[in-house]
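So that we are looking at the same thing, I have put the structure below in structure tokens.
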Amino acid sequence: MNIRKLLLRNETALIIAIVVLSLIIGIKSPEFFTLANLFDIFRSSFVQLIFALGVLIVIISGGIDISFPAVGIFAGYTAVVLMQRFEWNPENLLLPIALAIIIGTILGAINSIAIATFGIPTLIATLGTSGIFRGLMLTFIGSSFISDIPVALDKFATADLLKIQPEVGTLARLHVLIIPVAILTILVSLLLTRTMFGRSVYALGGGVEATRRLGISVKRTQAKIYMLVGGLSGLAGILYVSLQRKANPYDLAGSELDIIAAVVLGGASIMGGYGTVFGTVLGVLLISLIKGNLILLGVSGSWQRAAVGALLLIGITVQALNESKKAKNRRVSTSDEAGQ
Amino acid sequence: MSTLLTTEYGVKDIVKSFGGAKALSGVSISVKSGEVHCIAGENGSGKSTLIKIMSGIHAPDTGLIRLGEKSFTKLSPREAVHEGVQVIFQDFSLLPNMTVAENIAMPTYILNNSRILSKNQTKEIASNALSLIGVDIDINTPVADISIASKQLIAIARATNLGVKMLFMDEPTTALTRKEIKRLFEVVEQIKARGVATVFVSHKIDEIQEICNTITILRNGEVVGDGLMKDFDRKTISQAMTGLDVSESRIAPKLEKTTKKVVEIKNFTTKPTFSNISFSIAPGEILGMTGLLGSGRTELAEAIFGQYPVDSGEIIVDGTPIQLNSSSKALKAGIGYVPPDRLTQGLFLEQSILNNLVAVGIDKYQSKGGRLSKSRLIEAGERWIKELRIKTNNPQNPVTSLSGGNQQRVVLAKWLAMNPHLMILNGPTVGVDIGSKREILKIIRDRAQEGMAFLVISDDIPELVQICHRVIVIKNGQISKEFSEAELDEKILYKELS
Amino acid sequence: MNERLSRFNTGLLADRKITQLMIFTTLTFFFFSYASRDIFFSSSNFISMAYQIPEIAILSIALMLSMLTGGIDLSIVSISNAAALVASWVMTTKMDEAGNLSTNWIIIACVLGTIIGVLAGAVNSILVARLNVTPILATLATMTLFNGIAIGITNGESVSGLPEQFMRVGNGTFFGIPTPFVLMIFIAIAVGFLINRTTLGLKVFLVGTNRKAAQYSVMGDRKVIAWVYLISGLLSSLAGLIIASRTSAASPDFGSSYILLAIVIVVLGGINPNGGFGTVTGVILATVVLQMVASGFNALRFSQFLYLAAQGGVLIFVMILNVILEKRRTNRSIAKSLRS
């Protein structure tokens, strides 16, 4: 790959954006460049990243899912409620996590039925199911805040991999989740690039009819995608509950915007077919960076959402301009070749 | 003795209906290994249904699919691939967002039920497949970035890689230049030598004659002729295809000598698509334009109409220069354009016939205060239905309820309603039956007689010879030759093209 | 001629959909009237419904316009809140201590609110029509941005205590009919006129059916789309003013569930999400149905969360029904075209 191509890549632009932004924040308030702050950005990115990986898969396949926060909180909250009701309180995390993933996958399967079986447009289908999931959870499972979550989840919130006390300033804590999340990220990346399923996801985004003619079952692939996203959302949901040390069924509403913004900024095309895990990681970091450090820039925290909106707006405008330029070049180059 | 060595592939007595209407009624086709067989037929003759049955997309109602010694009542797409049936669709069905290597290797993985892919293996499969047909293309390029001709070759490499026994090629030459077609035919010869039964679906008679050994002609879902290619000639093939005695005598009206010009194109240039194009059209003149796909002819037509950018040049309509790169200015100056693809560019498919008829120049039907005058709209619609003899009992029906020929008339009518000085028709009779084709050519002639100027772009050389006063041939974005009325001759035109 | 005219106006398909909706509306009405004779079937309930219907109906009409062109405007609620906030801010700053404000200032405030709506709509127009950004993505970004700016400026707090005279619009009556309802009828007629009786309206349907063909028919497809998002912004701001006037407050968070509700209404109202077909009557009827379900649930003491689930359920159900009916229709038309 030559340098020009490398520079034009979306990931490069994102890295530059992250570096420039960091420098600006850092110059304004030097406390930005502390280990504690870096670890905080990581911590606030874990759950976001797991959600984002799921959304990435959906977007590459040419769809969109906005039910994932509902699925996440449904799975996380329900797992906690179930454990309380049946008085399961094991020392390890396996049970709550498994429960949440199973619940998430089941909800994902409902999305699969709406999308793969009936062919409902993905935005409308997941908008509908997210209303159903939230409504049913709040009506039948519970609508009250749970603060005494199972002990394993509670303990996990403070499970640090590293604690570094610098000479001055606050204690820097690196949460142990960095390892499993990193592994998960690599796994999703391998899934997308090295497996038949992953390539089918890209194929689907490249063209539904062409994929069908290849002999790939479009419905089965779609069904798997939405179940997988459900499972990932369930996992993200329970980890969210754990890190917050409480289960609040009203949480995560509205978080779909930040995550979709991160994935789109990461270079995934909403029309499908394009997107990388690396880009998504960078997108999530960029959003976490700007949301978490507005105050250091001297801007009130209530501007968080506007900042995300502005970032997304800039991102899509740049992508749209690039796309029209590319389309022009492509038109010229194909007619050029044909003319030779 | 030779029958022992060859294997036969094909279908026997296939019947397929959709909701009570028969698409295929008892079709049998047999192709031997190492043979190139042609299936010819007009749109709606059942060609594509047959391909879909062979590739497992549709199941036949009755009849058998025979692949060597095995017989099937139906195939699934997977079985079809397993049994060595491959189809190269007209649009190639490649994935633009993936590399050449992946596009070629994917079916192999699918066939082997592989779950895990290795990049090296992918590359190996792809390079092998390409070298097997003797083609060299960079396998790491995304398919979105390569030329149409290369895409065609990739589609072939992909299809022939998998122990293919029977290969369907659906209109494989439409997008290729003559040189590329030669290359394609070399590849087909190689495949043939490997003992593949190849089926060439095409309507280009000269190409069929060049490459095919045997032929089956379909009409309205029935076989109306088959046998050795050498027993057929141009006329018998097209007669069988259409069921009509095709008269291709000239119908162009006599052209009054005049120095008046409806439109003058001067030095139209958009590098590298076309350059230095100049010509003019007189009132009542029908100018034909032909060239291979990719020659720049469509871009040129759309440039005159303001839909394709023009870098430099001048366009003068009725003596006044008009602004380039603006369709609304072109429309105002009196230029109309019927695009080549009726379904995606010409029609509003789910909308009513009436709405389709009035879609150009809607503002004409505005009365005071921005109101849309429905009575005038309906009046205009009914007038055009009558004038162009569009067959419908209710103009409120969706335009999809019409046949191809009638749909094309709707597209034509919406432009004729503007009464343009110059009408550009890009492929005016593509995909319409022979009866409608005649009608449409007559409409063109009648309008020309009234003084409307025409620019007709077409692949169909006999059609151009039939209707035009003059034909220009575009090659590599330039006018390579101009033929006057006296010089118009199919053979010479074909020769100039290739 | 008259018979032909009436045939033209409605079209057989639209007719059937309206009839179906009418039946559905009547059934819903009788169901809840029977189930809750004293609460649902009471004049006070009908009056309160008449006050609640208009705002969501106007937002749904705005959404319908973008959907007719095959797009979607997710920013309607954000725009409505932004307009309400601006108008409320002007009014509260100009108000005297007793809460009085001259009519002129109220008018100025409302005009400023609608200007905000039009400007916001213009941003969407530029993104969608000019830069060719996918409508989902463009309006997702502007929805976040507008909402974010509103939160940033107000610090997330609502502006309340609006002048008496302004509140009279949202809570008063006009010849015995609730004023907001009268305004809604007026807007519905205006939009109905726009899409059925003007050239722009016909163009909207054509662009929504096939953008490419519209381009080749030189009807100014970009201009049509630009107008649609502009009008959508204007209508959203009007809805926002009505909301502010009815509730005597404006808040950046108001109606966060309205976008789901509006999509449910529009889909139930028979608008094809792929563009090209739909009627204002359908949208109004669908709003009435949904409001009856809301009031009925309330009367029967079902939780508001169950209503949320019901919205999602209705959306999915209607979409599945559409898919099945569509399939049947295509099969029939294939058969027809082969027979001819």
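We just call them A, B and C in the order they show up, numbering each chain from 1.
Criterion: a residue touches a chain if its C-beta (ideal position, glycine included) is under 8 Å from a C-beta of that chain, and two chains touch if they have at least 3 such contacts.
Because the structure is predicted, anything quoted here is derived from the model rather than measured.
Asks: How would one label the connectivity among the chains shown: line, ring, star, complete, or other?
Replies: Per interface graph, the chains form a complete graph.
Asks: Counting C-beta pairs in contact, which chain pair has more, A-C or B-C?
Replies: A-C
Asks: Can you check how far apart subunit B and subunit C are, centre to centre, with Cα atoms defining each centre and the answer in Å?
Replies: The mean C-alpha positions of subunit B and subunit C differ by 44 Å.
Asks: Hey, how far is the Cα centre of subunit A from the one of subunit C, in Å?
Replies: That gives a centre separation of 31 Å.
Asks: Going by the touch rule set out above, which residues of subunit B reach two or more other chains?
Replies: Not one residue in subunit B touches at least two other chains.
Asks: Which stretch or stretches of subunit C touch subunit B in the complex?
Replies: 1, 4-5, 7-9, 11-12, 196-203, 205-206, 209-210, 212-220, 276-277, 331-340
Asks: Going by the contact rule at the top, pick out the subunit B residues touching subunit A in the complex.
Replies: Subunit B residues touching subunit A: 55, 77-78, 81, 87, 89, 93-98, 102, 106-107, 109-111, 114-118, 144-145, 147-149, 177, 272-273, 293-296, 299, 476-477.
Asks: Where on subunit B is subunit C touching in the complex?
Replies: The contact residues of subunit B facing subunit C are 17-23, 44, 307, 327-328, 330-331, 337, 339, 344-352, 354-355, 358-360, 362-363, 365-366, 370-372, 374-375, 377-378, 396, 398, 400-401, 403, 414.
Asks: In their shared complex, at which residues does subunit A touch subunit B?
Replies: 194-197, 199, 202-203, 205-207, 209-216, 273-274, 330, 332-340
Asks: Can you list the residues on subunit A that touch subunit C in the complex?
Replies: Residue positions touching the partner: 64, 114, 118-121, 123-125, 127-139, 143, 253-254, 257, 260-261, 264, 270-271, 300, 302-310, 312-313, 316-317, 320-321, 323-324.
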